[in-house]
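What follows is a short report on a single structure.
Think of it as A, B, C and D in the order they're written, each chain with its own count starting at 1.
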Amino acid sequence: MDAPRIVLGVIGADCHSVGNTILDAFFTEAGFHVVNLGVMVSQEEFLDAAVESDAAAVLVSSLYGHGLIDCEGLRQKAVERGLERLVLYAGGNLVVGKTPFEEVERKFKALGFDRVFPPQVELAEVARLLRADIEARRN
Amino acid sequence: MTSQRLSWKDFLAQRQAVLETWPTGRDVAALEDGLRYQRTIPEAKNFAKAMAKAKAAGRTLLQPRAGVALIDDHIRLLRYLETEGTADLLPTTIDAYTRQNRYEEAGRGIERSRTAGTSLLNGFPAVNHGRDGCRKVTEAVTKPVQVRHGTPDARLLAEIALAGGFTSFEGGGISYNIPYAKKVEVGQCLRDWQYVDRLVGYYEENGVSVNREPFGPLTGTLVPPFISHTVAILEGLLALDQGVRSLTLGYGQGGNVLQDLAALETLRELADESFRAAGFIDFDLTLVFHQWMGGFPEDEAQAFSVIGLGGFVAAAGRVEKTIVKSPHEAMGIPTKEANASGLKATRQVLSMMADQRICADNDIVRREKELIRREVHALMDAVFAAAGDDLVQGVVRAFAGGLLDIPFAPSMYNKGKVLPIRDNEGAIRLFAKGGLPLGDDIMAFHRERLQERSRAEGRPVTFQMVTDDIYAISKGKLVGRPK
Amino acid sequence: MTSQRLSWKDFLAQRQAVLETWPTGRDVAALEDGLRYQRTIPEAKNFAKAMAKAKAAGRTLLQPRAGVALIDDHIRLLRYLETEGTADLLPTTIDAYTRQNRYEEAGRGIERSRTAGTSLLNGFPAVNHGRDGCRKVTEAVTKPVQVRHGTPDARLLAEIALAGGFTSFEGGGISYNIPYAKKVEVGQCLRDWQYVDRLVGYYEENGVSVNREPFGPLTGTLVPPFISHTVAILEGLLALDQGVRSLTLGYGQGGNVLQDLAALETLRELADESFRAAGFIDFDLTLVFHQWMGGFPEDEAQAFSVIGLGGFVAAAGRVEKTIVKSPHEAMGIPTKEANASGLKATRQVLSMMADQRICADNDIVRREKELIRREVHALMDAVFAAAGDDLVQGVVRAFAGGLLDIPFAPSMYNKGKVLPIRDNEGAIRLFAKGGLPLGDDIMAFHRERLQERSRAEGRPVTFQMVTDDIYAISKGKLVGRPK
Amino acid sequence: MDAPRIVLGVIGADCHSVGNTILDAFFTEAGFHVVNLGVMVSQEEFLDAAVESDAAAVLVSSLYGHGLIDCEGLRQKAVERGLERLVLYAGGNLVVGKTPFEEVERKFKALGFDRVFPPQVELAEVARLLRADIEARRN
């Protein structure tokens, strides 16, 4: 089986590049084909890259707090562009202020994300889930 | 080596265009209005004077970071921080849309925050609130207030901030670009900051002191002292060229206490020497120490210890100011209570250490100081050599050639070839120097220190070590050892 | 200079009487039963071994204080501290009635705690719970467990504790009398502790290591290092005389970092020298550092900074163990969560500092070390001179003559003429030496340092300064300056 | 007017002597006639001293947590010994564990104490109240 293709990036006006560097290194090492858009990525850039690279998943990072505003509408646009099966993950410090994670998860799931992760997530676990989700969507 | 002072004519021409970029620009059209307003601000609320006083008294002042979307909430927040938090200096941290000049999005953030009843912006959108909004804020508190941001093109923000009664402005043409932006051209950003510095210079010429503070910590992540020192000194020179006088240079805690103490001492010495060598004499140099700027532990008790160790170094390093983190750091923008608790924790350790002499005068510190001096000289010489007769060009060429290179920075104009790793005692060293103009003897020392760690851990020096070091403090260690 | 080893016959005779003082004494009548039981304890849970291992590895172990009235609650508490709190060593802090051998009141405390659903006792009443209750506790956890108390006559407690599986026993004939009691005669208490040490010696002779830890901090309040060092070394000698081998000497944080580092170094050196001079060679000496033992700030953020600074000194001083405070310290016995948060905060700073060398090797530390050495020698010599051929008598006469005198202690056998005050850098000095046999040159140094402070504050050295210093840390300072 | 006579001490098996030393110095300086019993004082010793010295008030300290147990019955015994007008104060870390002060106050008032103080109390304020309370009881 080919390495699953995934798109990485930090959405909006967010410049936090350290976690992104680590995610890139980790998922590459874990056997994914990574298209890394770096920081300050718009919704359009995410979807363009997903289309171009025929990616199975988009992993959106947001660290700086504007995650909710920046992510609104991404799922709809993906559907409009025919990416019905796209796996959408979000992770990082997704909202402004220390917030119970359940609340953050609820809000981002309502925006159409398949899974939502706090900053302390164990990346190996994410890789496991990601493979399974991609597999499930394929069928 | 200097850069050209922006001519008054060019400044005014630019100014017109800048003020037109957002409606609130109109309110600050009359330059003298800002000057007149600043003259009404009591001396006790002038940031530059507060820093000078701290220096004279040998005191370390405490400043938090804080900013929310709405004016009244922001005022409540600052008042809480100065009363309950006993902050000596106040911030107004600007939201990330404003930092990218995306005022429409900031406007939407304001609206939504109103509806949500809580700030959905990660800072105070000062441009949208305009001159009068800023004056409300600066008038509502008793301590000097500074604008803290991360804006590559901060010209409009500076105009509004100074007319709005802020007496200090953070940032610089390198430090607010390379770590904060992706596509901003180095020369353009430096020129935009010449404008900001020229504006501050105008206030200075007219008898109003305004403090300027280049952003020391850069990406906050394993930045070796010599890299941030070089950037700080370059931005200091560029600011002095435009007439700035009150300069606060910064350094972010690295974690190894002796390297940090050596860094603070050399920053003061090297900056002073460089500014004098460039012919400046009437500047007022102070230092700010940033408590750990990288990833924090999630656990609040552990976070308090990171904060406390930062406070310890600030005290031992005898800096004029320290920027304080909160126990919420790993999780999100702190509540006002969490923010105040960071201040109180820092105040406690600072005042317990205030009267104590700590032994910076020892062999290790001397060795580290000597090393940093040589490294900074190597970089400065290379930038000067690349400059021809314009320091701005020197910086542009230095980034293009990798003579300046900031670890983990998002800017496409930054080579990103430098890889720092902690040595066996946690001091930050270089694994890869990229294009940095460091001599073989210096690199031999770095390599030797990393070999020592490699032997201790029984594993080669690789990128895995970098990753482990990035996570280390958030996982309760300084050095990222294998399990 | 030594004291007589308690003869086995006298020991056994005493033992009978001791075991009769409370019904649970019966269960430990067979000495060999305790021995047999101790032999079943896995090595990883032996306190003495854990301390020795820490010494070999250059590690600092963390231990909290904790104890509640009921067995099951106490087990839950200890388990929480070893899992969530990641404690390396566990305590069982004894309640204050048991400490005074008031077992009936302790029994009432147990009953009431059952009814109240919360502990109304400030510790674990080990004597009332007896051998089997103790075994339940020590078996329920995975880390070595020590009895921590403050009991002048701890003979029954020691019998039950050792038979109950505890592998370390805190206290000593001076340190658990003078700061903890009012009317206990010095010689009586020393003899009662000879019994305890003899009991431990019995276990050692039979191949079971049991750790002993004289209580270093004494009253926890402005105790100059040389006073607590002298007491620690005297108690060490008295313990070695009875056959103790694993000895952990303690020191409580004073607050001035360099004085504290000098204190830790001299404690190790002086103890080692004294024990060897007395002819001992097969002892195993380790150090414990107590985070600030005086009044704490009420604010938890500030308390975290006091804890953090203690962790820093523990790391820099390279001690084998540190006793950790909690953010609740000023208010009351900590909840398990608060206790764990003190541990986590300490762990963070310790591990951030673990690999770093801190510059104890400097002029100030050298000066302080030299001073402490001379002061301790002066006191030890005087006690030895007073001893005739029995160290116990030496100590008794020393207290009677004020040659030993512990600041702020409640004991009527303590002269209470020594008045400590912080100097201008926060180091603890003497304002009045009472009867302490310190030479004029030493006192001249103390006076000179206090004069410096007096000049800096523009006020004479008086009792008001002592009061101000006692409050200082709880009010966020180290030195109690006038407002 | 004579200096008001007060008795100080730390009740029960409590050895905390530092605060007691300071209270002694403070109230003496503040113009009271202080009879200080030091630490580890029993209820009987408090009342004996109050009777002997004809004290207007007894200030009980308890730091170590057993305050409730140790103080129970003190007011009744005082009444039995004819000390109806005795002003009774308690202060320190009166119960085991960090507890809302209102709760502590309620419990000790129920035991018959006139006023109850947390460790951080401003002593000058206590002296003021004490003078007033003694004055009020006299009449």
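Here is the rule we use: a contact is a pair of C-beta atoms (placed from the backbone, for glycine too) under 8 Å apart; a residue touches a chain by one contact, two chains touch by 3 or more.
This structure is a prediction, so every number in the text was calculated from the model and none was measured.
Without chain B, the rest of the assembly breaks into the touching groups A | C, D.
Chain C and chain D have Cα centroids lying 30 Å from one another. Mean C-alpha position of chain B lies 54 Å from that of chain D. Centre-to-centre, using mean CA coordinates, chain A is 65 Å away from chain D.
Distance between chain B and chain C, defined via averaged C-alpha coordinates, is recorded as 45 Å. If you draw each protein chain as a dot and join the dots that touch, you get a simple line with two loose ends. Chain pairs that touch one another, listed by label: A-B, B-C, C-D. For chain A in complex with chain B, the touching residues are 12-15, 17-18, 21-22, 25, 38-40, 64-66, 68-69, 93, 95-99, 119-120. Residues of chain B touching chain C in their complex: 255-258, 297, 299-302, 304-309, 311-312, 327, 340-342, 344-349, 351-362, 364-365, 424-426, 473, 476-479. On chain B, the positions that touch chain A within their shared complex are 95-97, 99-100, 102, 105, 108-109, 112, 118-122, 150, 179-183, 219, 221, 294-295, 298, 328, 330-335, 338, 408-410, 463, 467, 470.
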